[in-house]
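Chain IDs A, B, C and D follow the sequence of writing; residue 1 opens each chain.
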Amino acid sequence: MGKGRLEAFSDGVLAIIITIMVLEMKVPHKADLSGLRPLIPVFLSYVLSYVYIGIYWNNHHHLFQAVHSVKGSVLWANLHLLFWLSLFPFMTGWMGENAFAAIPVAVYGVVLMFAAIAYFILTRVLIANHGKDSTLGTAIREDFKGKISVILYAVAIPLAFVNAWVACLIYTVIAIFWLIPDRRIEKTLIQ
Amino acid sequence: MGKGRLEAFSDGVLAIIITIMVLEMKVPHKADLSGLRPLIPVFLSYVLSYVYIGIYWNNHHHLFQAVHSVKGSVLWANLHLLFWLSLFPFMTGWMGENAFAAIPVAVYGVVLMFAAIAYFILTRVLIANHGKDSTLGTAIREDFKGKISVILYAVAIPLAFVNAWVACLIYTVIAIFWLIPDRRIEKTLIQ
Amino acid sequence: MGKGRLEAFSDGVLAIIITIMVLEMKVPHKADLSGLRPLIPVFLSYVLSYVYIGIYWNNHHHLFQAVHSVKGSVLWANLHLLFWLSLFPFMTGWMGENAFAAIPVAVYGVVLMFAAIAYFILTRVLIANHGKDSTLGTAIREDFKGKISVILYAVAIPLAFVNAWVACLIYTVIAIFWLIPDRRIEKTLIQ
Amino acid sequence: MGKGRLEAFSDGVLAIIITIMVLEMKVPHKADLSGLRPLIPVFLSYVLSYVYIGIYWNNHHHLFQAVHSVKGSVLWANLHLLFWLSLFPFMTGWMGENAFAAIPVAVYGVVLMFAAIAYFILTRVLIANHGKDSTLGTAIREDFKGKISVILYAVAIPLAFVNAWVACLIYTVIAIFWLIPDRRIEKTLIQ
């Protein structure tokens, strides 16, 4: 079964998520800069979520370049990942509107963590279908980044109740950490 | 006529439906967990609808793999299916906001039933175009799952007035029943 | 220049238009059928607009099958068509919320007429680029349907002020008239 | 790495931006033309933004025709461009709802300027990857239009505080200036 439609559908969902997140930035009724001030946390949470969706799209793009065929299990592992990402607009809006209050920041981290786990599951399902010795299998065998991210989210979530900004800092550090594209797959593909 | 644009258009519509359903989960103004509590039924109805759209995308994907060409009748049978699916965000929001009250649950079932009928019509139109002895024709000749689903919806809708949760249980059972990808087509394609 | 991206972009815009129109059907707060009653005109105007977008997608699909290459002029003629179609969700919501009052019905007709003119311009630009004796040129030389539609809209718009239902009837008749796919192009392509 | 998914994702984001901008035109509750009057500035700002998104899509289309492969840096330069364009619906709504007041018009210009800079960066990253003597490199070596646009935005933004209509006029002139498709790339491709 071809991977074309899975890629197209995922691109569509990610494109819409990234664009409707902006709808949470409600147009202010005032025409002066004071109207924009309450939107600053909403804007910051939008930027963070935008970067995260960009990272997922980027890594999804890299991952599927090494994929040859997709089975039903891959379709559902992919839909499972998209489910958690589809909650981003809601979480981004809630965290932004409450100016990074403890509980929304913690719940945002929970969604990030489940998305990371869903991505991890997707890679495992793909490896199971392609074999451990396939290009894909050797390229992402260790998946250090995936595992460390989940651990860091698990640390950040309770920390949000101590200091929400520390949790946000950890989310940002993980994002920067992932911004570097997955050279493992690129390297293996070239060899 | 190629099937590429029909697939791309359907993917687009389904990707948007799945993503705007989340907009019915209105961002709460409170920053504590009590703000999330009224969203639990909205979230549950979102999960159910997400799985249903996932199933339709999955089966649509499988179905069109065996399709060689599309005529005007197929385009309209497909648009008819997308019409019923486009009502999902509205129905999901109504059912969720009213915490699975009898009438919204029944009307949700009516939309599910019409979507199932529309999918059935689409398969019949495709078989009529490809011939009963084509790969497609032999693969979905019986369509036991399609027929039994329509019957179960017809049973669940009046039951919603007796007990809405029983109706929801039936919708969930049908969803699980469909989660298994359409091995009939896969099998026939491989032979 | 390839036509692939123009088709993909148009499919995307049409898929989004068709799906966000549904957002104008606001989820009622009541859980009984009386909550749905004020939505009946909104639903009817949604159905009419859905059929119209379906017709445009269908005809666009047929039209571009005979297209070999696109120039800048085609890109802009296409964007011009999409502009008028992008006003459908707004017009559909306005007409539906006011239960087919005279002015919204007339303005709806104006948007329909400009969309029809934009489609007509698009076909002329394509013929200019492909030549009058090309497959495309001979297939849509007369364009009786396009011309008669514009005339009928021009008749229906003032009639909306006399009786809005007569105008709606004319819009519906034109829709049925277009539901028949463009056999001219199909025929010419087969020969 | 193929450019297909980057194009598809960009098309998706631009298609959604163009379509959700229309959602800022709130359906009026009145059924007469007086209900439409406050929407005139919203409509005008929609038209301006629609043309701008059309220009970006057009130029993106032209630009990537000369692109052979994309690296991680291109993916992020492209996401950076899409980020600024994703703010268009918000800015369009704010400018329109406040009937072209000074501050919204100035901030609109700031977003336009950052989008122009992001497009400029994207072309530089592409040239760096393809080489100065590639088709792409020779085609957009000077990029007079890109540079002059950024300068004109920088002039228009402070002018908005003197007279917002002058700033809007400059934005419109730049749009008309860009409406002419990028013949440089087209010419070089044909040779």
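In this section, a contact is a pair of C-beta atoms (placed from the backbone, for glycine too) under 8 Å apart; a residue touches a chain by one contact, two chains touch by 3 or more.
Bear in mind that the values here come from a model prediction, so they are computed numbers and not experimental data.
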Interface residue identity across copies chain C, chain D - same or different by half: different
Cα superposition angle of chain B on its copy chain C, in degrees to the nearest 5: 90
Distance between the centres, which are taken as Cα means, of chain D and chain A, whole angstrom: 26
Centre-of-Cα separation between chain D and chain B, whole angstrom: 37
Chain C, residues touching no fewer than two other chains: 8, 12, 15-16, 20, 23
Residues of chain C that touch chain D when the two form their complex: 1-2, 5-6, 8-9, 12-13, 15-17, 20, 23-24, 72, 75-76, 79, 82-83, 86-87, 89-90, 93-94, 97-98, 101-104, 107
Residue numbers on chain B that touch chain A, as the complex places them: 7-8, 11-12, 14-16, 18-20, 22-23, 25, 27-29, 31-33, 35-36, 47, 50, 54, 57-58, 61, 65, 179-181, 186
